[in-house]
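These are the structures in question, set out in turn.
In the two complexes that follow, subunit A is the common piece, with subunit B as its partner first and subunit C second.
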Partner chain A sequence: MRPFKNAPLAVALTALSLLSACASHKPPPHPGSINAKVEQPSEMSYLQVTDLRAVKRNHLLTVQAEINNSDSNNQQLYYRFKWLDAGGFGVGGEEAWKPVLVYAYQKQTLSAVAPSPQVTDFRLVVQSPDNTGQLP
Partner chain B sequence: MKLLRLLFLLSSLLGACNALAAKIAVTDLAYAERVSGYFHLVDYHNKSSARASQSDREHDSFESSSTSSRSSYSGKSQTDYTEVESSYSYIEYGELRKFVGDIKGEILKTGEFKLAQAKPYTAKGSEKIYDIISRIKNGAYPGADYVLFGTVSELDFRDEINPIIGTDTLSNTFSLMLVAEFSLINTRTYEVKAAFSATGEGQDVHVVTGGSRVVPSRGRVVSEVSKSLGIDVARQINEQLGGSAYQNADPATGNTMQEGEVMHFSQ
Partner chain C sequence: MYKKNIMNSNAFKATAIALMLSGCATQSPTLSSGNVEYGDSKTVETLTNEFGSTDLQTIAESMASSLLQSPALFVKSRPLVTVAEVKNRTSEYIDTKSITDSIRTKIVKSGMVRFAVDTSAMQTQVDELTRQNQTGLYKKNKSKKMGNMEGADFRIEGTITSIVKRAGDVKDVYYKFSLQLVDNESGVMEWADEKEIRKTSNKSMF
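Here is the complex of A and B:
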């Protein structure tokens, strides 16, 4: 009887599972980064949010985002904003998805104004169904 | 037994420290307001009288006859007309019986001071609102080590409607800003220990479409002004007296971004 006969196999399996666990749990995005404000159901290959800024005008949060298409084909983008109050609760219900066509090698600017002065934070939700993506 | 004695000593020391906390009396915010007026007075009197009399006499006898008649009329009329027109202007002094509740609350929260109640300004006799030394001498702040004397610099209500760019809606903002100057005065030496101006701000914002009308909530605005003024005053007192770090959350609005401030997110 050799109780440690399969020991190398067990070690290899454990290491593999640890590695895969590490790969599936990305570190959380930096609070002041674009990734902290952008949500995407699947990662887009060619479209990328390259600039994001917010300003408070007339007590309402105004957001502007710049989307860059690095592909030689036009890319369809759908987006919507989630508006959050100081407690992190959604304000004003869910918005409809808005379609935008981003031309090849072009940049497109999206802008939106918060529906209420209670809004202090936001998330930009983007998806591009025809864009090859990788599910999280 | 020794332990008990030590505990007793410690508790009495702590009690003494608490009793040593300086007492502050917070005055109501003093204000001076120019009052202007105009008057136009017209006084008109008319008095008239008239009198008329008539007498007839007839004498008839066997030898002669005579008739006499007499009538008189007199009239009098008197008119007095006075017209006075003038404008006047004077400065009214008083105390705003608002906005100091939260200042007291925030001072208490710092834990560095106790509060004493000030006697209100009544504008009776020769009492002068800005003569703080004479008010201290007259005993308007009994038991206080310091007086926080505040005067209103500016009180500004604004009701604005601005279009929201990129939409067909309007933002209706009703706001109030209060700026007041404060001096923290020692009641014994009249030394000014701290002096600053503090701001209280509050607003009620509604997003409206053209044609609709909203009534702003003045109560909410006043409450926000009072809270933010209290926080600003306590923070500045603490800062100037070098107390421990004063911690307080933002005013009730919880807004982290200031108006016009651009937040840029990095890649």
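Here is the complex of A and C:
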């Protein structure tokens, strides 16, 4: 009897399942949710976008985001907006990355105005040096 | 016999492998000494605490978006604006024209405002009209006529100031960029905004 006759196959299957777990096949964010509008290369450890609202004022989309710092230390945040037209194309070129200091246990409000009346949608791209290194 | 020796020689094998590898490798269209590389022009630059590209870009974005929300610009469809001087009152050299150029570009791209020729470009405008009208080189019905320039409804002007403080190894620089929109006919200030930037550097290593 060879109970571990298929041991190599079992190891391969386990490794494959572990790898697929690392790839983090999370379901896509619900349309209209904050996560659908926020892009982050890796999940931030202490900073979180807790509120996001957009309204058209004087023909221009105005966006306000609230960032919460859950850490006892001040945290650095880098952010920029991507502005999109009705077809999903970028409008106004790339914005500059902007640095913002978020104090310990405090909230910081970011606000921005679309560069053109053609803008109908947006993405908030955020990045913090202190992050988990994992996909959000 | 001789042929077989060539095929089995190490030099032949190495050459064949090198050729195969070079065939597979993707060649990037670059010519470089290895010391120069392109970076992201939008990155946050903190090499020193002097006025830098991030400050310029941040000011331009902030001022342009704030100005586009000014109610004064919605009274008339696509009003005509000109850029006056932005005075540099800091202790360092800052190209304020570059800042106003960036602001103007962003506003023009919105399509909501038109810009008239400013004082720095006026001589070029006059030269062009003179060339078309007074050199006799152009057809009269095809040349642009003198006396049809439009006066700007508003002008943009401002200042940039700084406060620099040092304490031991710490240097703190505070910039304040102020911009205002003035109605050229009435002289009334219709809009104003400020952008503040603080940069602190520490020379000590420990």
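As a working rule, the second predicted complex is superposed on the first by the 111 of 136 C-alpha atoms of A that agree within 3 Å, B and C clash if a C-alpha of one lies under 4 Å from a C-alpha of the other, contacts with A are read in each partner's own complex, and residues count from 1 in each chain.
The rule we apply is simple: a contact is a pair of C-beta atoms (placed from the backbone, for glycine too) under 8 Å apart; a residue touches a chain by one contact, two chains touch by 3 or more.
Computed from a predicted model, the values in this text were never measured in an experiment.
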Room on subunit A for both subunit B and subunit C (clash or fit): clash
Contacts of A:120 with subunit B and subunit C, given as first, second, both or neither: first
Contacts of A:96 with subunit B and subunit C, given as first, second, both or neither: second
Contacts of A:52 with subunit B and subunit C, given as first, second, both or neither: first
Contacts of A:70 with subunit B and subunit C, given as first, second, both or neither: neither
Touch count on subunit A, higher of subunit B and subunit C: B
Partner chain in contact with A:78 - subunit B first, subunit C second, else both or neither: second
Which of subunit B and subunit C A:109 touches, first, second, both or neither: neither
Subunit B versus subunit C as contact partner of A:60, first or second or both or neither: both
Part of subunit B, among the options 9-17, 135-143 or 207-215, whose backbone runs into subunit C after overlay: 207-215
Common interface positions of subunit A, toward subunit B and toward subunit C: 57-60, 62, 112-113, 115-117
Complex interface listing, subunit A residues touching subunit B: 30, 32-34, 36-37, 50, 52-62, 85-87, 111-113, 115-117, 120
Residue numbers on subunit B that touch subunit A, as the complex places them: 162, 164-167, 171, 173, 203, 205, 207, 253-267
In the complex, subunit A residues that touch subunit C: 57-60, 62, 78, 80, 92, 94-99, 112-113, 115-117
Contact set on subunit C toward subunit A in their complex: 42-44, 53-54, 57-58, 61, 64-66, 68-69, 71, 74, 106, 109-112
